[in-house]
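Given below, in the form of structure tokens, are the structures.
In what comes next, subunit A is part of two complexes: it sits with subunit B in the first one and with subunit C in the second one.
Let's turn to the complex of A and B:
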């Protein structure tokens, strides 16, 4: 690594909380044709989140469960209806102007669709120079071209690519450019919002390798959002499972995958294809019935109860909170004991 | 129009304006239309040398004895109803038509970009208010509204005609601009730019305007054509420019009464008018293709 890409001296030691969300909630009003509010989409509901420095926390869940809204909240692209966010010791919930720009230097995002995330009228070089122009103090004008070349090489592209336009590249190459653009300001935290779901399977592995390589090289912390459990298993240190705007289970990846405690996590994991035929015969597949309920009108109590095979009357009245099931593993279910035996 | 496209080209390709020019020069559509337009614009700026090619360059040197007669040596287009040289008349007629076409389009594009960007980017109340104003102007039939204004004002020169046409030609472009700004505003690359910390101004200038301008550019090139035709229509209807002003519209207006006996009076001004309109349309097409990095 050259000195330009060095992690910053003020980076925290690995393991300390880098980014903390408390009670994050985001509601969207639903309006009718006359602009009257007729309902509320509860996209994210009372989410607590700790991203530790240098780790990769995966956020998994079905589409529509609020993962991307949470990503927008965490990157301050959207503001929460309630709750607060801290970057280390600083409350960042209401940052504006210069301080917001400083926050963006620390927290960057890689978006889902690399085909849409690059301005079609800018060359790759112009797109990569943009963060350096916005954060003018990072790299001096005369050195920006060199920095662009360095960024391209960092993500495995060729220096000559900077004169080309996005449409001349494949999806995987474009995602590399997007990653390079996010890394241009040397962030500490990278939010990856389904970074590989728009890519071919063969290319997914390359991008995941690149992300893992960069994490080691630069000491980045990732919030890695995905609906693909196989992808998550390979890259994440910890996993948080989301259902209908709430986190229902959270813990170290290995533990969550081998001993899922929440019925929803159990159902999700049982839907992952198994390659080993011996294991296939012994494993029971949990098939969830019905669709995800509408976030405008979630079930009372536990939002998952309408599809849960363990649901009782209590589930309709109590909103379960995350309880420790082991030191670092928490789940939100009133029937944790029953769930343990069912898995 | 030409200055608007030139400015746009430099926005589009910061650092590589030559690439666009080279691309344009390889397109026959551009070369032909640009050549035709350069000649017509030159003719509008300095009509005398063009008019003098056949030795009778003064459009006001008339001989009533030759009223309406056909081509003669030194008078390739023949004579108009006043016995003036029709070729010289047509050459001198380029100026008002082209001036009005370009001026009205420039005004409309400026208004459209400003109002459309603000309405589209900020949305909400701003958008609602501006949207209703646009709708009100959009609702008037263009020609009828221009007739009403020109009749009310009473003064008929290039500038009042320009003003009347401009007042009702900006809403279409503004609506197109507004909707393409909304499309660009919701693009992922704008979200990415915001996540990088880009200011509103930077996002508008660098990401939204270049991507939203292409449809307006095309519409503008069509609009030059439409406005030149609109000016001719107004004049033809007798509410535009008035004789002794020399313009294609005035010539067509006069020619309508003599179409049976002297059809060349209608033929030559309309050929020049059509070629000008067509050249603007082709130029707009070629420029649109050239500034789109995806078109090869």
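Let's turn to the complex of A and C:
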């Protein structure tokens, strides 16, 4: 653990912006059988995002809302149609080559499926050495084996596990290996895309505990992408809610969960099953009608208006921007006053 | 008094002492379900709660007569409305789809991609109900309306890939309901769906239980879903029932250490606190320990737990627990 702290370069002061996205937009062309462009999927639309150093920011939303596209923009796995990305003070939007590699050292990823994320032909030790070889300047060759052992112990595995292959491990253990591999190059930021969704409930809790422990020990910032609101409640400091490519609400987790302001957030939270059967008769439930509209042809104005019980004519003409409802809590809805009383 | 109380349909499903084993190619025997006891009464929603390898899906498949060829029913009895369904044969063939039907998690693979969804539902009426094409179409559109598919006349002609996951799951449910079964088995039918869509499907299924007296056996790993819809809850672990009772008994006053651990660590939207997770991992079903399957992860295990498998015994009020430590004392 102490070694990891030393190989970490200049750690940011907590609360400073670590990663900043401005006006991030990603459109995908839709082509017909002849390759002609016949439409555009507006996967991410004009998103501003700040991930502060040392915090866990959760990105939540339902399938197709654009959260994974946004994650690939933030990790520079994909380039935005418009908008820019900064890592601290540096504009990273157009990095290439060595500088891009340095960015990747700082920003690592843990994916949903730990079965697909590990090469089945490599031992765990070989998988963990690979990032150290790619980023060769971090750990000297003679010390790499010791580093692998240290990483395994850091994530609660045994040093002897490095000689084994992925198929010999359970899903939870494999996800621990994936986390260790991401941490091998001492990143400051970990982007976790549905990291516990493929795991059993009892194992989920262990991995979430590990992530929280590592965050405290190493001062990591997490961008935590999940459709599971209950998991997010347990781990995130702040939460951003996405609907059809836009962030519709953002704020401290406890505040958003107890006082959601956007009608979509209210509906989303009221749909999550309660874990105490005594609550099921007392709580209010909002049932949304219809499906999420197609991102190739979203409604004009507010994208949520086609399913919103508060929508007025104004919602069809104005794209609402995120407005402060308290110091750190913002929502994008022109009917915020009505939304407050309806919740 | 409830004037609209549904009249009970049949006597539901009773599973007694069901044990299912699989033979692996390497010759070892996997005990997928051991001495499972389960009842679903008409007009009742029973949730089977368990993680992977708990035996919940195997129990459902055994009931439907849909076990894989390498499965072997070692013991037990399954009755539907008093009729014995074991060994699987003519009895379940005659009942499947008519008196008992099943919905699976993956709606895309449950539907035929080259036929319209309307034709696939209508086929149920044409083959089983011997209805004319026109009548079958009318019945289908009515059924699609019942499962809340908007614009059913147009959707009748849609192919599975043209519908959203939630809509496809409604189509699969419509097919399962076509012949008015007494009991519906739903195996994780909402796991692949978003929460807002899940809420709609749960409402739909519960409506059928409350208004039409259907028996619902709902299989899930999600404590929240159980709390939301269950009348009774059956908790399974490594092939065995470890606790059973009313939803309040099991989820508010759990007795088994596994149920307690599961509830303490189950994430919730209403609070952020999480207790110490259950240590360790699920046991290998091909190599279960002697005694209680939960012993290695159990915080209260005593020597007896390593020697004798605890039986599922009543602890009062209809609640049942299979535990040497927590199941013994008061009632």
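Going forward, the second predicted complex is superposed on the first by the 332 of 343 C-alpha atoms of A that agree within 3 Å, B and C clash if a C-alpha of one lies under 4 Å from a C-alpha of the other, contacts with A are read in each partner's own complex, and residues count from 1 in each chain.
Following the convention adopted for this analysis, a contact is a pair of C-beta atoms (placed from the backbone, for glycine too) under 8 Å apart; a residue touches a chain by one contact, two chains touch by 3 or more.
Predicted model only: the values in this text are computed from it and were never measured.
Colleague: Between subunit B and subunit C, which makes contact with more of the residues in subunit A?
Modeller: C
Colleague: Just subunit B (first), just subunit C (second), both, or neither: which does A:134 touch?
Modeller: first
Colleague: Just subunit B (first), just subunit C (second), both, or neither: which does A:319 touch?
Modeller: In the superposition, A:319 touches no partner, neither subunit B nor subunit C.
Colleague: Which partner does A:165 reach: the first (subunit B), the second (subunit C), both, or neither?
Modeller: The first partner, subunit B, only.
Colleague: Is A:118 touching anything from subunit B or subunit C once the two structures are fitted on A? First, second, both or neither.
Modeller: first
Colleague: Where does A:228 make contact in the superposed view: on subunit B (first), on subunit C (second), on both, or on neither?
Modeller: A:228 contacts subunit C only, not subunit B.
Colleague: Output the subunit A positions appearing in both contact lists, the one against subunit B and the one against subunit C.
Modeller: none
Colleague: Using the touch definition from the top, list the residues of subunit C that touch subunit A in their complex.
Modeller: 51-52, 150, 164-167, 194-200, 202-203, 221-225, 227-228, 230, 247-248, 251-252, 261-263, 265-274, 277-279, 281-282
Colleague: Looking at the complex, which residues from subunit A come into contact with subunit C?
Modeller: Touching subunit C from subunit A are residues 62-63, 170, 172-173, 200-206, 208-209, 227-231, 233-234, 253-254, 257, 267-269, 271-280, 285, 287-288, 290-292.
Colleague: Which subunit B residues qualify as touching subunit A in the complex?
Modeller: 12, 14-16, 187-189, 191-199, 202, 206-207, 210-211, 293-294
Colleague: Okay, in this complex, where on subunit A does subunit B touch?
Modeller: Residue list for subunit A touching subunit B: 75, 77, 100-101, 104-105, 108-109, 111-113, 116-123, 126, 130-131, 134-135, 165, 167, 178, 181-182, 185.
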